[in-house]
Amino acid sequence: MKESATHETARRYGMVIDLDKCTGCGACMVSCYAENNVPFKKDESNKLDSINWIRVVKMTNQKPYPDTQICYLPMPCMQCDGVGKHGHSPCVSVCPAVATDYDFTTGIVSQIYTRCFGCRYCMAACPYHARKFNWWDPVWPADMEKYLSPNVSPRMRGVVEKCSFCFHRYQLARDKAYQEERAELEENEYQPACVEACPVKAMTFGDLNNPAHAVYELKNHKHAFRLLERLETNPKVYYISSKEWVRRNGDNYLPDEAPGRLKSKAKARH
Amino acid sequence: METPLIPPGVKRCPTWQFALWMAAVGAVLLWGVYAMILVWWKGLNQTNMNDAYGFALWIWADLAVIALGGGAFFTGFLTYIIGKDKLKGIINYAVIIGFICYSSALLILAIDIGQPLRGWFIFWHANVHSMLTEVAFCLSCYFGVLTIEFIPLILENPRLAAKPFLHHLSHNMHEIMAVFAATGVFLSFFHQGSLGGVAGVLFGRPFAYREGIFIWPWTFFLFTWSAAACGPCFTILVTWITEKITGKKLVQQDVIGLLAKIAGWMLITYIIAKSIDTLYWALVTAPGMGFTLMDFYTDHPIYNIGILFAEIVLCGFLPALILITRRGRENGFLLILSVLLAVLGCSINRWVMVLQVMAVPVFSFESWFLYSPSWQEVATTILPVAYGVILISLAHRYLPVFPQEKELNPAN
Amino acid sequence: MSISDLEHAVDPNLGAADHPPQKSSGWVVFFCFMIGLVGSLIVGWFLFPQWLYSEKHQPIDFNHSIHMDNVSDGCNSCHFFREDGTFSGIPDLSACTDCHQDVIGSDPEEEKFVTEYVAQDKEVQWLSYFRQPDCVFFSHAAHVTGAGMSCESCHGDIGYSTHSKVYQENIISGYSRDIWGYSISRFGKPGEHDGKPMKMNDCAKCHLEETGSKGACFQCHK
Amino acid sequence: MKIDRRKFLAGFSACVGGGAVGSMLSPLPWKVMDDVAIWTQNWPWTPVPQDGRYSYVQSVCALCPGGCGISVRKVKSRAVKIEGLKDHPAGNGGLCPLGLSGLQYLYGPARVKSPLKRVGKRGEGKWQPISWDAAISEVSQKLNELRARNKPHSLAWISGENKGILAGLIDRFLKVYGSPNVLRDSTAHDAIDQAAYHTQGQRGTVFWDIENADFILSFGAGLMDGGWPLARMNGFPKSADGGKTLIQVEARLSDTAAKADLWVAANPGTEGVLALGIAHVMIRELIYNIDFINRQASGFEDGVMGGDQVLQGFKSMVLEKYKPEKVSGITGVPVDAIFDIARRFAKSDKAVAVCGRGHGRVAGCMDEALAVHYLNALKGNIHQPGGVFVVADPDYVRFPEPGMDKIAEYGLGQTRVDGAQSEKFPNSRYLLHRLPEIINTADGDSPVQALLVSGANPLYTIPDGKSVKKSFDKIPFIASFSPFMDETAVYSDVILPDHTYLECYRDIVSQGSMDGIVVSLAKPVVRPLYNTSHLGDVIIQIAKALGGYIETAFAWKSYESLLEETFADNWETITSSGYIRMNPQIPGTVATSFNTPSKKFEFNINAGAPEAPFSSAFEKIAMEGDAQNYPLTLIPYDSIRLAGNYPANPPFMTKIIDDTVLKKTHGCIEINPATAKQLRLSEGDAVKLSTPRGEADVQIHLYEGVMPGVIALPRGLGHTAYSEEWGLYGKGVNVNDLMGPIEDPVSGFNMAWGIRAKLTKI
């Protein structure tokens, strides 16, 4: 079972989030906390030191009452493929101690808490603020340590953490596949906790390279876009919105530019 | 009778005065040490940094002192490699200032990381693609070089020099100093550059990202260049301050003049290159990512467009033009004003390239990320300053730092 | 050294040149240097390893060999894969009580086990020689089911041991010494019947040899 | 040889140097460096979750009335995660953030770990752990004493258990004991159910068939703000793969409004008027269901009442009084929009109109419920797929008729303390919000001498907190059965902690759907962590302690045996599949189901329920306070990220609250930027919020989505109990403390939707 060491990503797990469906309920966030042993503090109102592997950002169209619109934008780690899809995501290339890498079998960007020594360079590199720092030692009051999952190691103070697309679920699914002497995973065998928890099924997850997976088609939807595509970070999280202002918020445009026209250019390039 | 500690033929202040001075600076140092221990013991929650603003005050201080410590390598380069013998009048001091700057930089890094006891992973598990790895390696190596450059000077303390072994060691080290100077130049070129690369490679951060050549963004070269330009300015500035405090002329004015002239030319070429880089970035790179220049500035007192003007014109072209003109250099006030401006300019550049990068929102729906340091951060940033003052005081008192001192200040 | 010490002998009228270089007693220096050198070598190579590991004994001296003789499916009998592909590891008390509801042999350790644990329905706090830290995800399924490796290839001949060996715990890191490997210098290889060292480098080495790649971080980390 | 200081120093230095060199050549520094790094990777204070066999327990969430199915992941004996249970009829695999946080209640610091007796002053928080026997005798002694004083009716029980066996046990206990005073919160459902009763003559629970509808016209219902299981909203909102239409009428851009096809920003309190305006257009344009109205409705056309008195029918009333122009003036909704909504509603295939503000925890105004129900009648969707159903409550809880003694009969003969089921409000079952005022204004002793509280936190949830507290001070004995140290538990005299829903069996009745009402079984996911006891068992124990015929009436061995006995033949099904369905609906069986005297849908409400004649005004609902002193209108709003009622937000939920809602300990008040500008207020300003009922310090948050002149505060903040580690203690403002109830003249329900307020800069 030799695994290819060449730099071609066999599977590229990715996500498509339908913003028209997302109601901003936050179930993805809570499910993620519970799944990934994300700690909480007494005060979590400073969102800049609050650990979230997926954040639901509230955007508004800035128009006055009653023409105001809001749109919720769930933002996990984008698992960037990087410029030219070579795995040089913004964060991986800067980490001085190889505490984060790009897995060419899944396209998932790891974060190894025990390797990380907390220089925070990756956080500076990530334009999505997907990476979070453990400013404090995690504390689970009363008997709350009992609900910690053994599948994800709790992080110590002083290291960076981020969304892993619930890689441990991939591992557990693979263990099961080994037991059943199967080589491949079914689409539904590996789904991150947030996707599974979404009560309105706004999130779809699968292998972007696999035509049998739902995300394969969805990512080509006419209203699909990715965040900050122009930076060539090549995120693997796609969004769908029927609202033009939402799509425009997903990237930066000069006053005379519009999302639609540029996107085709970006697509042609990759 | 023991050999005296103070070099012969120079006058030093009375012990009590020196002790008082040391006590005052020592108090500041202790404050810094207290803050440092707090940060180590309780963690980085003692700072006001946050997930958006993950690099803050002391990283700026780190970059700034490394840039300003660049006086050591560039003066060494001029002295030992180009053969500007005249600069031997200031090279010792340049080395000491460099040593202080680099040791401070390493200390700051040890405070800044979340897991100091794992800091050595940067060497052991190095990622060769990371600019920070390059910084760490070159920084440590160059610090070693600076230590080697500093040792012979320490050994020249009269009491140490009295021992034949140490005396000869010192002498022999002097002989091969050119080799170390060359090594230092090589290492400095890379780590100063890598520090520029640290911000320049961040292609997710349009404010910082610069195009470049091969793996090196233009900031790589600009940082080296500006360190070579502003490092000597800092050496001149510190020398001037030392002269003011001791009330003595320590270095001949023509030595200062020569260094200032070279620094001036470095500065003018640097600032022209920097201007071209800025223009290209503002007109080509950033718009390609959907940003106009003014997207990067706001009406905040610090993050407004004035900072660009201050960096390039006020603290760039102005001091450069003064320094390259003879009349400007020879006017004591203008000389000091311009080296001060150059030092400021370099510090602003480091601030902008690291901290403003954190502050600028990348998404149109985000607002600016603001931050002000906690007292622990301020204290740990002042700590190296106090440490530097102490080291300079000791060095000046007990070591023959300025070869021209005796000549410039004949005894009584 | 305080400032006043330094100042003690200052005579501004005397320069270094006025003092003849003093004779240094070279052999004393050399002798002291050697004392330091040899002493630290002894400490580092012999005393330090003693100090670094504290020794613990298993709560019950377990005889693997006798169990192997009496079970049908080798290691699998007690250390089995669950249906979901996860590995059961060290068995719970309930697995033992299938046979050891009462004392069935004559070994005093068994009697101790039955009276102190089985009778009181108390789990045995076994010490795991090969327990990886929390940051490690190790898939037995990938190695045993996927790659067809035998238990012995990593754990050695533990299945034929008649006594539980002493558990050595690193007092700084808390790791079992078997993770590091037997010798502190790691010179030489573990014996044929010993378990393999299991530090990350050891895993990576084998992965590189067997799969052509050390593997991505998440392959073994969680 | 003389060893002088110099020689010593030289030798010492050499020794140190040699030692340094030797150490470097030994493993010591390197191994220590490595091991110290490993130590930092495994800091003893960073927990290591133990691994083991994974298993899943299927149960049901009891944190809100939704009753969604849950699947709890376990590692050995620990519960590590709650997930939605696929294929469960309630939720269908979806779970809201509250349900997902359930384990934080189980293992959290707010648990009451054993029975407690108060030793300090009330509310001081000084407790003494006592045994269960002692705790039960504390209660039974008090109850015996009341009966001895022939005052059984001065016992009241505030119960959050609304349906199912526990509710039945509580009802039975009070009945046998001799008190009519089971008190429960009235919700929007009480008003809607009553509207259905008035028009259809049917008692039961109304449900809207969201699943089969393709068009929802929602009058402020927080469909996506946590009032309803989100999974039921499948297809709303519209998305790339099609979808159904949602129109939301609300003064504030809520999450539901944000997801709607059309957000209709009507003045708060005018929803009923708007509904009638829409009815007007439907009638005028003849786009109502003429067939249904002609054949199945009564009171639509003008009628003749003996002599020449004409009874105005619904049609002419609406045509006359609710012209779109006038309605537009009242509601602030443009005339065009009223026409547009009416036409879209009328022309949709399966449209339904729904109401109940936010989570629907405030009953609201009968007029509004009626007006919305009329719209459904005009659409003709009564008992049609995608329409409105009235389902009889499940009647599986059947206990044998208990014996009664004289004292009990006397007590039961007394009127209820809250005035519900009285002549004035014959159809309202509970009017809990009236309790404080009744106690506070009573002459002499409080009419409530002993209060038992279970599954509810009245000190937090009843409006006008100050007067609630004052009334509680007059009650000599308060016992709480709360598993958590909530506000009411803190203020009680003895706490008899219940298990959490994850530690015991419990039957949970979910909201209905076409397929019937779902009764699910909560199972013990883990063994009880602490010295707690099932409320059902405690009731049986108290009955036993009271002895006599009361004991006989509760002769069950335990709650569990009662449960098994109750489900009888269904026990097998409910334990294996986790739920059973009851009372499935057969659509279209209208004619047989209307139970009015006319056997038709009655637009004439007084004909529908003749025992409670009333006349509806159908006007804008009033609000407390004068516009002179209080120029602004404060409205509370519900959010899915805030458990507004009981129990309080767990830490995970508090963590997902936006920093525009809660900033450190400050609650944020939403205000339109235009209004803020007039008041010279800007983002983040600290202000004092005053209403006729109280004041609080809040922080300004500018929000374009709130109506100018209106300010909005979320429900669910401002807790003063639970543990400090719970992360909610002392944060924000409890909006219930700033508002008083407003009594609906018909039902007595609290219909307050807002209160006049002002902001002053601090």
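Note that the chains are named A, B, C and D in the order they appear, and that numbering of residues resets to 1 at the start of each chain.
Following the convention adopted for this analysis, contacts are C-beta pairs under 8 Å (C-beta built on N, C-alpha and C of every residue); 3 or more make two chains touch, one makes a residue touch a chain.
Worth saying up front: this structure is predicted, and the values here are computed from it rather than measured.
*Asks:* Centre to centre, using CA atoms, which chain is the farthest one from chain B?
*Replies:* That would be chain D.
*Asks:* Between A-D and A-C, which chain pair is linked by more C-beta pairs in contact?
*Replies:* A-D
*Asks:* Which chain has its Cα centroid closest to the overall Cα centroid?
*Replies:* A
*Asks:* Just curious, how far off is chain D from chain A if you go by their C-alpha centres, in Å?
*Replies:* 33
*Asks:* Could you please state the distance in Å, as a whole number, between where the Cα atoms of chain B are centred and where those of chain C are centred?
*Replies:* 46
*Asks:* Distance-wise, how many Å sit between the C-alpha centres of chain A and chain C, to the nearest whole number?
*Replies:* Roughly 37 Å, centre to centre.
*Asks:* Let me have the rounded angstrom distance from the C-alpha centre of chain C over to the C-alpha centre of chain D, please.
*Replies:* Once rounded, the distance between the two centres reads 55 Å.
*Asks:* For chain B, what residues touch not just one other chain but two or more?
*Replies:* As it turns out, chain B has residues touching two or more other chains at 115, 118, 121.
*Asks:* Show the residues in chain A shared as contacts by 2 or more other chains, in ascending order.
*Replies:* Only 46, 98-99, 113-115, 137, 153-154, 156 qualify.
*Asks:* Got the chain D residues that touch at least 2 other chains?
*Replies:* Correct list: 36, 39-41, 48-49, 51.
*Asks:* Mind pulling up the chain C residues that touch chain A in the complex?
*Replies:* Listed in rising order, the residues are 81, 83-86, 133-135, 137, 139, 141-142, 145-147, 210-213, 215-219, 221-222.
*Asks:* Give every residue of chain A touching chain C within the complex, in rising order.
*Replies:* 1-5, 98-106, 108, 110, 112-115, 151-154, 164, 167-168, 171-172, 174-181
*Asks:* Quick one: in the complex, what on chain D touches chain C?
*Replies:* The touching residues are 1, 7, 10-12, 14-23, 25-29, 31-32, 34-36, 38-39, 41-42, 44, 48-49, 51, 53-54.
*Asks:* Which residues of chain B touch chain A in the complex?
*Replies:* Touching chain A from chain B are residues 43-45, 49-55, 112-116, 118-119, 121-122, 125-127, 129-133, 136, 198, 201-206, 287-292, 295, 357-358, 362-365, 369.
*Asks:* What residues of chain A sit close enough to touch chain D in their complex?
*Replies:* 18, 20-21, 23-27, 29-31, 33-35, 37, 40-47, 50, 52, 56, 58, 60, 62-66, 68-72, 113-114, 137-138, 140-150, 153-156, 193, 196-202, 221, 223, 240, 242
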